[in-house]
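What follows is a group of structures, each given as C-alpha cells.
One chain, chain A, links the two complexes that follow: it is found with chain B in the first and with chain C in the second.
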Partner chain A sequence: MTTYIARRLLVFIPTLLVVAVLVFLMISLVPGDPVMEMLGMDAPPDAVAAKRIELGLDKPVWMRLGWWFGRALRGDLGRSYFLGEPVIQAVAERFPVTLSLSLFALLISMGLGVTAGIIASVKHGSAVDWGVMIVALLALSVPGFWLALNLIFLFAVHWRWFPIGGYVSLVQDPLQFVRHLTLPALSLGLVHAGVTARMTRSCMLEVLGSDYVRTARAKGLPEKVVIIRHALKSALIPIVTVIGISAGVLLGGSVIIETVYNLPGAGRLVVEGVQRRDYPVVQGGILFITCIYLGINLLVDILYAWLDPRIRYN
Partner chain B sequence: MTEKGHDGAFTNTPQGIHMTRRKFLVAASTVTASGLLAACAQPTPTAVPPAPTAAKPAAAPTAVPPTAAPVAVQPTAAPVAAGAGKYGGVFKAAISAAPPMLDGMASSSLATIQIQSGTMETLINLKEDYSHAPLLTTGWDISADGTTYTFPLRQGVLFHNGKEMTADDVVASTKRFLEVTTRAAQFALLDSYTAADKYTVVFKLKKPSAAFLDALVSFASGLYIMPKEIIEGKKANELTVADMIGTGPYKLVEAKLGDYVRTVRFDKFVPLPEPGSGMVGGKIPYFDEIIWYSVPEAATRVAGIETGTYDWVEALPATAYDELKASAGVTPYVSKPCDWMIYLFPNHADKFAGNVKFRQAIAAMLDMDEIGMAVTGGVKEFYTLDASLWVPESTWHVEDETAKKLYNEKNLDKAKQLLKESGYAGEQINMSTNKSYDWMYKTVLSAADQMQKKLGINTNVVVMDWAAQQKQWDETAGWQFSISGVRGQAIAAPGDLVGYWSSKTKGGLNLHYNNPAMDKLVEEEQAAATTEQRKAAYAKIQALYYTEFPWMKTITTYGLEAHRSNIVGIRPWYRSFRFWNVWRS
Partner chain C sequence: MTLPTATGCEPNTVSRGRVRLSERRKTLNRLLRSRTLMIGLFITLALVVLSVGAPLFTHVDPTDMNMSMIMKPPSAQHPFGTDAFGRDLFSWVLYGGRISLLVGLSVAAVTTITGVVLGSLAGYYPRLDSVIMRAMDVLMAFPEILLALGIVAILGPRISNIIIALLITYTPRPARVLRGAFLSLKCEQFVDAARSVGVRDVRIILRHLLPNCVAPLLVQQTYILAIAILAEAGLSFLGVGVPPSFPSLGGALADARAQIRYAPWMSLYPGLYISLLVLGVNLLGDGLRDVLDPRMKV
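Let's look at the complex of A and B:
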C-alpha cells in the first residue's frame, strides 16, 4: 500500500503540471485586462501600458509561463494584482472557510443520504420508499442557487433562525460558527444527499437480496446487525465512490454558495480573480483546489481497500 | 512496507490493509475533527470584525417599530445641521462590489470611492447644489487672467497620523496624483503647482480653464491630500492599508478586499462649523465605526437590510421596492438624480456602427420606454427620459428643442429611410453586453429586439464578462455596439463626458471616434474661462451630439437604496454614501 500511495503521489506531479499549464493558457487567452480593472475603463493608454510593463503583462505568454514555473518551483505562486498579498497567503486565509463549508455539507449529504437510502431499501416498495425517493429526486433536481435563496428567505428573513450569511470561525464562537454555516451547508449538501440516497438504496437492494444476507438472517442475527454490519458494509464501495465525487464537487460548488451567503472563501476568491483577471490568484487558487481534489481521490482509493479486503493495489 | 503496531489505526501486512470498524470510526472522527480544527486554526478574514449578524428574532419586530406607511425619501438640498445627533455604534454598509484597490488616487472604481469618501478629502468639493466650495482650503482666488489659482489652506487640519496638513503635503499629493491618476488628461493645462508658504498652494495653468475646479473635485481617481512622507515614491497600488492616511472624519484601520473594510472615527477630526452640505461643511462622525461589506449578490443585500444585518444597502433591484416598503424597520428610497445614464456604444471603426446614417436610424427608431420598462422590471419610478446629456439637477443641463425632438423620436418611417441610406443590407450586427450589470444586459436585449423587429436589423447579442467587454472597446473589428453608462459625468463632471469624444482621447471610451468639429468644440470647452462660456460650449456639443451620436443615449435610471428606519440623516444625493451626520436613533 505504501508503494501504491507513493506511486499515486508521484502521479500528482504531472497532473498538477498539466493543470497549471492549461489554467495559465486559458486565463491568459481569455479577453480582458487586469490593468483596465485596476485603473478603470477611462484610463489613458499610456498609463495602461506602463502598468502592463510593471506587471510583466507586456511579455509573451510562454515567457510569463516560464517565469511562473520558475517561481512556483521555489514555492512562490506570485502576488495578487489586487489584494497586494502573496497568493499562497490569500488562498490559505480563505481556504478554511471553504473547507468548513464543504465538510459541513458533506456531513449533511452523507448523514441524510445514507440514512434515507437505507430506510428506503429496507422499506422497499412501500409508501416510505416512494416518499424518500421523490424527495431525493427533488433535492438533486433543485439548483443550489435557487435553494440557497429560498432557504435565506424562509430561515433568515421570515423566521430569523439563522443569519443571512457571513462567517464566524469555530475558535471565535462555536455556536455562531454552526449558525452561520448551517444554511450554506444545507444549500450545498441537500443536492448531494439526494444523489447519495438514491445510490445507497440501489446498492443496498442488491446486497439485501444476496445469499449471505439471507444466511445472516437465518442465523438469527438481529435485523439491525444484518443491515448495518453485513449489508451496508458490502454496499459501501459504490457509495464511497459517490461520496468521493461529491466531496470534490462540493469544493467546486461552494463557489456559488459562497457568493450568495457572502462567505469569504477560496471559491469566491477564484471567481473574483477570474472577473478581474487576477491571473496569479486564479492560477494559484485552482492549483490548490486541484491538490485537494487529488487528495480526496487518493483517500477514496485507500478506503476501497479497507472496505473490501479483496482489493489489492500491490 | 511499514508496520505501525497494535495502537496504530492502520496495520500494513503483506495481505493488505486491515482495520477494525471501531478504529475506522475513530480515525474518521479524528480526520474530520482535525479538518475542522485546521479550518479554524488561522484567523479568518471575517474573524475581526465578526460577520454581520441578523437582529435577534425578538428584537426585529419590537426594537425597530414597524413603519406604518414607509415613504420613499426624495433627494433634498437642505443642509444638515451639525451637532443634532447621537454618538456611538457600528454602522454596517453593504456595497455591491469589492474595491479593486484602496488607493483612491489611482482607482476610479465606485467601491473605492465609496469607502474613501469618509476617510479622504480634497482641496475643494461640491455642495448639495453641485456648486464648488472649499473643504481643506478657506477659499480660492483666481487671477485676473484666469491662469493662477491660489488656495489658502485651513490651518490645524490633522492627518490620521496626527501630523498637521501643510502646503508641502498638497504639492506631494498633486505630484503623486498626476503620476497615478486615470484623469491625467484633465490636468493637461496644469503648468505648475507650488507651495507659496506653509499654508498656501498655487496652481498655474497654461491657459485659462474653468473646468480646472471640476477636475479638483472629481471623485473618481481623486486628488486626495495625503501626508508627503507616506506617499512619496509610491506607485499605484503600492500603498498599504496603514498608508491610507487622509484627513477625513473616519480613518481606515483594516481591509480584507472582497470581504470588508473597517473604518473608525478619527477622534482628532475637527468639523467645520457650518452645516454639512454635499461633500463639504460640518461633518460629524457619529458612529464609532463604519464597516463596508462587499456583498455581490443583490438578493443577499435585500435580505440583509430586512433582517437588520446591514444598516444601509445599495444597488437593489427595482422589483424589490414594494417588498421593502412593506418590510418593518426598513426605509427604501429612490436615489436621484442619477444612478446610471445608459449609453449604447457604437464602434466607430465599423462599417455600419461608424456610419452616421445607421446610428441616426437607430436613434430615430428606439422607444426608450421599452428600454426603461425592461431595465426596471416595469417599475416606472426608477427611470426617466430626458434629452439633455446632463441631468436636470445639474448646472450643465441643456434645454434644447432639437435634442428633445430627436431623443425618443420613435419615427419608424424616418428610421427606415435612414437605414436604407446607410447601405445596410442584412449584415450581422454584434451587440456586446454582460450579465454582471443587469441594466447593461437588459438595455442591450431591448435595443437589439427593437432593432430586429422594427427595422429588420440582423442583431446578434453577444454576452461576455465585463472585463472582456471593456477590452473589446480597443478592438476595431468583431463588434458593432457595446454598452456602458455614466453617473458623475452626467451631473458634476461634464468635461469628463465630452472629453471621451475628443480624438485626442485614445483607446477605451473614445470608441475610435474622430470628428474634427467635435475636437474643436471640446477644446473650446476646455479653454472656457467662465461658467457661462462653458455652458455655451456644452450647448454646442449637445447640438453636434444629436447629429452625430458619438454615443447613443438611452435612459437615466434611479437607484434603489434602503436603510434601517432607526438610522437618521441619510441624504439621497449624487453620492448618498455620506455617513457623517448620520446616527442611530
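Let's look at the complex of A and C:
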C-alpha cells in the first residue's frame, strides 16, 4: 500500500506543478494590457509605466513565472485588482461555502442515486426499473441552472418555503444554514443523482449476474441477504470512483449554482473575476479549486486501492 | 453461391463482401428496431428542423425589441410570451437553438478530429503514448466547466472562442476512448498480418484500426454533443459565452433569472428547449451504445 501511495504521489506532484504553470500561462496570454484594465484607457503614461514596474510586467514571462511560482508555493497568489485583498484570502474566505454546497449536493446525489440504482437493478426489466432509468436520463439532460430557476420559482417565490438566495454560515445559525443551502444543493445534486443511479444500476447488475451471487442463492440464502451482504458490498467499490468523478462535477457545477443563488462562494468569485477581468482572482480561484479537486481524486484513488487490493498490483 | 475463377481468390472476396453486407444490414436492422434510438432521433430531428427552419415557423426577428410588449405572457401572437425588452421568446428560442446546435455540432466534429489524431498516435506508438496521455491527464485535472471558463476568460466571449474552449476541454474524452480501443486492437492477428506483408503504419491506422473504432467513438461523440450544448448554455448563462446581441438559450435564462417573480415563462421555454434537445441526443447516444457497443450498456 505504501508503494502504491508513493507512486500516486509521484504522479500527483508533477500534475499539480504543470497545472500551476498552465494556469499562470493562461492568464499571461490574455490579450490587452492588464495595467490599462486597472487604471483605465486614459491613464497618464507615467502612472502606467510605474504600475507595470510595480507588478513586474516589464520583465520577461519566464522570469515572472519563476516569481509567481515561488510566491504561490508560499501561499501568495497576488492581490485582487478589485477587492483590494490578497487572492488567497479572498478564495479561502469563500471556499467553505463552495465546500458546504458540494458536500450537501454529494449527499443528495449519492443518497438518491445509489438507492434508485439498487432498486432498479433488483427490479431489473420491470416497470420500476424503466421508471428509474427514465427519471435518471431526464435528470442528466436538464441544465442544473434551469432546474435551479424552477426550484426558486416553486419553493421560494410561489410557496415561500425556502429563501430565494443568500447564505448563512453553519456557526451563525445551523437551521438557516440548511434552509439557505437546500435549494442550491438540490439543483446541483439532483442532476448528478441521475449519473450515480445509472452507474450504481450497471455495477449492481454485473455483480448480481456473477457466480458467487448465484452460489449464495443456490445455498438458499434469503434474497435480502444476497443483495445486501453479497452484491451491494462488491458493487459499492466501483461506486467510490463515482465520488471522485462527482468532485469535479460538483465543484465545477457550483460555479454556476452559486451565481444563480447569490451564494458568496469561490466559484462565484471566479465568475466575477472573469466578468471584471480581475485576472489574479481568476488565476488563484481556478488553481485553488483544481488543487482541491486533484487532492480529492488522490484520496479516492487511495481509498479505492485500500478497498480493492487488486488495483495496487496492476 | 460461389463463382469459379482463375485465381481462386475472388469467390472468397465475394463471400466476404456478402458477409460484410449482411452484417451491415443486421446492424442497420437492429438500429432501426431500437426504440431508444428512434425516440432520440425523432426528438433531435424535430428540434433541428424547428431551429434550422426557424424563418418558416416565425416571421419575427428575435432581436426586434418592442417596448410596448414588455414581459407579456404566452398568447396567440407570442406563443412563448415576450422578455424584458419586448422580444418574442418563441423566435428567440428557435434562433437560440441554432447557436446551441452550431456550438454542439462544431465541438463534437472538431473533438472527433483531435481525438482521433491524438488517440491513434498514443494507442499505436508506445513512445508517444505517455507524452500524449500525460497532456490529456493535465487537461482532465481541471473541473471541466472551470477550464472552459478560464479559456473563455482569456479569449473573450465569442461563439468561435466558446468552440475553442470546449474543444480543449473535451478533447481528452475521445482521445482516451480511441487509445483504449487501439491498445486492444493492435495486438490482433489482422494487424500482425498487415504488418508482416509490409503495410505501412499510416495505412494500418487508417484502413485496419480506425474502422474498428467507429462504434465506441460515435457513441462517445454523441455524448460530447449533449454536454457541449449544456456547457455553452452554462457559459452564456454566466455572461461569458455567446455575446448578448445574439439569441442564445443560456443568455435568455440569465435574463429570466432577474424576472423569475414576475415572468416565470421567460425561463420555462428556453430551459425546456435545451432539456429536450439534450434528452434527445442522450437517447440517441444510449440507443447507439446499446446496438453498437453493448459491453458499455448501462
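Throughout what follows, the second predicted complex is superposed on the first by the 267 of 314 C-alpha atoms of A that agree within 3 Å, B and C clash if a C-alpha of one lies under 4 Å from a C-alpha of the other, contacts with A are read in each partner's own complex, and residues count from 1 in each chain.
Operating definition for what follows: a contact is a pair of C-beta atoms (placed from the backbone, for glycine too) under 8 Å apart; a residue touches a chain by one contact, two chains touch by 3 or more.
Worth saying up front: this structure is predicted, and the values here are computed from it rather than measured.
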| item | value |
| --- | --- |
| A:Val171 touches, of chain B and chain C: first, second, both or neither? | first |
| Chain B versus chain C as contact partner of A:Phe24, first or second or both or neither | neither |
| Touching partner for A:Val142 - first (chain B), second (chain C), both, neither | second |
| First, second, both or neither for A:Trp68, with chain B first and chain C second | neither |
| Partner chain(s) touched by A:Phe288 [first = chain B, second = chain C, both, neither] | neither |
| Partner chain(s) touched by A:Gln275 [first = chain B, second = chain C, both, neither] | both |
| Touching partner for A:Ile152 - first (chain B), second (chain C), both, neither | both |
| Superposition-derived comparison: chain B or chain C, residues of chain A touched | B |
| First, second, both or neither for A:Thr259, with chain B first and chain C second | both |
| Residues of chain A that lie at the interface with chain B and also at the interface with chain C | 30-31, 149, 152-153, 157, 259-260, 274-275, 277 |
| For the chain A and chain C complex, residues of the former touching the latter | 15, 18-19, 22-23, 26-27, 29-31, 137-138, 140-143, 145-146, 149-150, 152-153, 157, 198-199, 201-202, 248-249, 251-253, 255-256, 259-260, 267, 270-271, 273-275, 277, 279, 282, 286, 289-290, 293-294 |
| Sites on chain C touched by chain A in the complex | 137-138, 141-147, 149-154, 156, 226, 230, 233-234, 237-240, 253, 256-257, 260-261, 264, 267, 270-271, 274-276, 278-279, 282-283, 286, 297-298 |
| Of all residues in chain B, those that touch chain A in their complex | 1-2, 12, 15-19, 21, 24, 32, 35-47, 50-57, 60, 98, 100-101, 106-109, 180-185, 220-221, 235-237, 240, 256-259, 293-297, 299-300, 303-304, 306-307, 309, 436, 464-468, 470-473, 484, 496, 500, 505-509 |
| In the complex, chain A residues that touch chain B | 1-2, 30-34, 36-45, 47-48, 51, 54, 81-84, 92-94, 96-97, 99-100, 103, 107, 149, 152-153, 156-157, 159-173, 176-177, 180, 229, 259-262, 264, 268-269, 272, 274-277, 302, 305-306, 309, 311-312, 314 |
